[in-house]
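Heads up, the next two complexes both have chain A, just with different partners, chain B and then chain C.
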Partner chain A sequence: MRSPTAAVIAIATSLLVLISYFVPAGPVLAMRSLLLDWAVILAAVAGVIAILNMVGVHFRRVRDNQPLAPYSLIVVVTFVITLLAGLFFSPSDPQFRQVVTAIQVPVEASLLAVVSISLAYAALRFFQNRKGLMAVTFAISAVVFLLLASGILAGLAQVPVLGTLLAVLNRLPMAGARGILLGVAIGSLIAGLRIAIGAHRPYSG
Partner chain B sequence: MEFPDLIWTILGILLTLMIFSYVWGDNPFFRTASYLFVGVTAGYVAVLLITQVILPRLAWPLLRTSTPTEKAIAAVGVVLALLLLTKLVRPLAWLGNLPMAYLTGAGAAVVIGGAVLGTIIPQTLDGITAFAPGGQLIDGLFMLIGTIATLAYFHFGARSRNGEPPGRGILVEGLSQAGKVFIGITLGALFAGVMAASLTALIERVDFLVTSLTQF
Partner chain C sequence: MTDIRCPICDTLNPPDAEVCSNCGTRLTYLEGDSDFIDPAEAPELPDWLKSYREGDEPEPEEPSESDDWLESLRGAVPSEGMEPEEEEPAGFEPGKPVDWMARLANEPLAARSFTPGEPSGKAPSTPEEPEASQPEAGEGKEQPGEAGFARAFPEPEGLAEQSSAEETEEDSTWLDALRGGPSDEEASPAEEKAPEPEEREGSEEADFAGARVFQMEPDPDSAWSASAGESPEEEAQKNGADIPDWPVEESGEPLPESQPEYEEQPEEPDLAGELEAALPPAVEEEPPALEDTGPLAGIAGVIPGSSAATRFTPPPAYSSRVVVNDKQRLHAALLESLVHEKVAPAPAARERRRSRPAGLGRLIVGLILIAAVLLPRLVGPFASQLALFPPETIHMREAIAGLSGSIPPRVLVVIDYQPAYAPELETAAQGPLLDLLRMNARIAILSTHPAGPVLADRLLDAVENGADAFQPEEELVNLGYLPGGASGLQAFALAPQRVIQSTFDTHRFPWQLPAVSGIETIADFNAVLVLTDSLEGGQAWIEQAGPLLDGTPLLMVASAQAGPLLLPYQQSGQIDGLVSGLVGGGYYSTIQANPDGPALQRLSSYQAGLIVILGITLLGSLAQLAGSRSKSTRSTGV
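What follows is the complex of A and B.
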């Protein structure tokens, strides 16, 4: 339902918070702090709702005995156990943290390790299918910076001319990175301004 | 190795091997490990959100001793949170649009502030500083050309002239070609960084497996 009230709330909130960036007076900053405090609470509640929704999807999959139901059962059971244990013992309890870390760390590290194989394969497919100026520079740059990251060329940093060349090489990606950073920032600025003036209403208002 | 450490080590070995099995494609072992990870992580994040944000900022100010102002501030938060919870009830879901609008408005303002004060102004100032007396002129010029060329590559505005198909101007087209080179170099360097990090993780995991298995 399109609600003008929601649009007014969004515009007023964004303008009040924006004003505090330009008028950094005590009461204005206190108002921004209060508004952002409520936003943090809402973001936390929204996060819990999102998690409950995800667990609800897995619960329905188990209830209706859909394909992959055994895996969804793992999600539901481990979620409930972790939630109850965390609320009972508190998340700072050393034993609770040890159990959570004992599952999270090996899985996260192993997933990152598997990424290296997937990346190598994806790069190979990319070079087979895409040929052009950007693909060639990407390939050369990837190989050069992999060599630099491996430390094989570290000894050359002491040699006068080669040391300067390595320093220049390390500066090369900075120019593109600044352009990409500025592009992302300009995009974010425009998206934020569109919400602040009510031109874009992703909250269905 | 003591008993609890032994259990965690065996669990670590099993989970590592289950994830590594993905090299041969999607399989029940990989799925079991990844779904277990999702369940535990979702539970842990929910616990953190409840105990670190919702309880101390919403519940405790209302239930425990606090000033009337603190109670009033917490009460507004409770109202907003309850309105947001209506998103879970389909007939009342429209009420959830109000706190979502509030959250979106506050988020948009923070994004604007972050983009301007955190990226656009500092990056522009850093670019200008190179041209100041005593600055590194060649480096600054190179960075300036690279930045403009990269931005030109992402400029997709086109104009039709004399009935010809729409196209970019000669200057923008030339700059965007140079931009391709700069973007290629940057993405290549980023790729190499991610690859180096994932290779380090692979070496660490293999080392963990070898060390753990030789200790048994």
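What follows is the complex of A and C.
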């Protein structure tokens, strides 16, 4: 949508919301609240559209008998059952909550644990295959910071030399995190300004 | 008015007739005809033209019977009912030939001017054709067309006599010329004296005869030439014809030397000689030679192989030696040495020795890990030796303790994590939540994840066991799911009552319940506790709700993954307290003086499993290092 009307609306909206932070007057705040309400409603509609798209993709896989059709069939059937159960019982029903507490939480937590094991194994294979300075550095840093984050070495913090060394090592992740956050903040600022002045138009496709 | 005479058939028609009554020809002009001019409108003509026209257009007269020529014609025309075939030409008597026919009968046949291509006696297509055809008709061999023509248009008597007389005279003239030879006048060249019409006719006849003679094959036995007893050239010379040179050349026979006329005309160029000289010399074809050697000996017309072989010489011999300089020779030697260099074959890889199944080792490792994780459950937590507490955890504890001044405190708890992170975050958040419940805080739960409302119930169910005085019906309200991400969060921070209109479980308007009554903005809460598993979720609350909190403490319980990234916000004062992961929960439990809390138990299991994993990895690395060293020792033989 390369319409200038869309660009005008987007720029005006962004400038209005930005001004409301610097000039928190009554009309400006009311306008900002109205725009945000619209945004919330549109986001909810977008969520519904995303759900329908997901179901449509898996339904087409089942219909076309693609290689992953059995899994897609499970997804579609499960979705239908959950939807019907939610409509019949409502999400606040204690029986329906078991869908989340007894199925979703254990499954997702187990998958996350498997992911952590896979990452550890991949790091080990990397160390075996790419023997070099970087590989050795990666392996040593992984082991050290695992030990530091686990709190195993917390009892050594009172040892004069080791305590200082552990304090220095604990600062390293925070230093890296600050660098990452600064980069993210600057990038977000530039992206917001580009959208506000119309230089970047993600809404135009 | 006078009658109108038809311009076509001369038929007289009435004056008012438009078309001829005989032939249908139109007699009057049509209107609009451009050629028609009304006499009344015509301009006045001069006198001379009028007189001329009057004289030119005489009055029609009645046909008079005194018209001599017409009468003579009509007299010559046979009367009606008389067949034209029965009319005989003038001077013709049946059974008696005419004089010219008699003369022709006595005349030699060669003297007649017949073409050789028509042996049947048909007359040539010459101006004399009528004269030649008429005798044939008189001999009773007339053609059907000719007979029809004669019947349709019989000649008048006078004209027939005149024509017969002229024919007789002409026939006698050219026949005499044939008999007696050309006269002096006829024998002279045409350019010297223009012949009279009669003489020219005879000359043309002679020319035609002479040309015909040269086209004929000289056949002494032929009746054409034998009857005359002379050669055609002599005959033509007698007729006084001017014979050109080209027929002689064409016939291929030289002119006879007995022709004095050609010899006496030196002024004429010898065209035949020039043409003969211009022609290429004739190639004389040799008779096919007989082969005298080989298997084809005695056969004529074969390719003379023996003579051709003797004409060719063996091909010249060229030197195949390549001129190579020193540099090229050096490069060639280098390439040759590379090609012939012996490469030692690599030793074949030995077959890997399988001592035991790979699955057994993995099973042993798995069993060891499970035992390490379950060990704290059996022997009690051993991670209680955390002595130095992190500052963010201490600030969290102080911020929650500071809420005790407001009775009862109203706290907004935000569920912003996925079910996968529920075990970690529930464990880490149990300490702060337990403190809140113990001080009878009013808890309002808001979820920014679809599964958040259910996870919140699960969280509070785990915490309620440690807070006996907590009454969920009065002190707890689940506001449900807040969509829209950062925008929804911003909207909720500005006007919570407009965004959330119903509770999650009771479907009632929440803002009249005791837990959240009197809340107009997010700043009306005494504290905001955010449980998040990602940096983006924590940032959204810091950036969107932080400026509107107006002094309300913003506390966070983050996963171990997002904690280090959110720690700078705590250090900068944008977050009042932070608990990061199991370790942070363990620290908080330690500060809380709750050694039996789930955080310390799970932290002990986590630390035990981590130690085992690191130990196995270290042992495996040492074993592989030792194995590789032993391999290198065996390979080098040292």
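Heads up, the rule we're going with is that the second predicted complex is superposed on the first by the 184 of 205 C-alpha atoms of A that agree within 3 Å, B and C clash if a C-alpha of one lies under 4 Å from a C-alpha of the other, contacts with A are read in each partner's own complex, and residues count from 1 in each chain.
The working rule: a residue touches a chain if its C-beta (ideal position, glycine included) is under 8 Å from a C-beta of that chain, and two chains touch if they have at least 3 such contacts.
A quick note: this is a predicted structure, and the numbers were derived from the prediction, not measured.
Contact with chain C, but none with chain B, is seen for A:152 once the two complexes are overlaid on the shared chain. In the superposed model, A:33 lies in contact with chain C only, and not with chain B.
Between chain B and chain C, it is B that contacts the larger number of residues in chain A.
Legend: residue contacts after superposition of the two complexes on their common chain; A:140 is shown touching chain B, with no touch to chain C. In the superposed pair of complexes, A:171 makes contact with chain B only, with no contact to chain C. Shared-chain residue A:43: touches chain B and chain C both. Contact with chain B, but none with chain C, is seen for A:87 once the two complexes are overlaid on the shared chain.
When the two complexes are overlaid on their common chain A, residue A:180 makes contact with chain B and with chain C alike. When the shared chain is aligned, no partner comes close enough to touch A:62: not chain B, not chain C. Overlap of the chain B and chain C interfaces on chain A: residues 21, 36-37, 39-40, 43-44, 47, 91, 100, 104-105, 108-109, 111-112, 120, 143, 146, 149-150, 173-174, 177-178, 180-181.
Contact residues on chain A toward chain B in their complex (touch as defined above): 1, 3, 5-7, 9-18, 21, 34-49, 51-55, 68, 71-72, 74-83, 86-87, 90-91, 98, 100, 102-117, 119-120, 123, 132-146, 148-150, 171-186, 188-189, 191-193, 195-196, 201-205. Touching chain A in their complex are the following residues of chain B: 8, 11-12, 15-16, 19-20, 22-23, 31-54, 57-58, 73, 76-77, 80-81, 84-85, 87-88, 94, 97-120, 123-124, 127, 139, 142-143, 145-151, 153-154, 177, 179-199, 201-202, 204-206, 208.
For chain A in complex with chain C, the touching residues are 21, 29, 32-33, 36-37, 39-40, 43-44, 47, 91-92, 97, 100-101, 104-105, 108-109, 111-112, 120, 124, 127-128, 143, 146-147, 149-152, 154-155, 157-158, 173-174, 177-178, 180-181. Only residues 383, 385-388, 418-423, 451, 453-455, 457-458, 478, 482-485, 487-488, 490-491, 494-495, 498-499, 504-507, 547, 560, 564-565, 567-568, 571, 581, 583, 586-587, 603, 606-607, 610-611, 613-614, 617, 621, 624 of chain C touch chain A when the two sit together in their complex.
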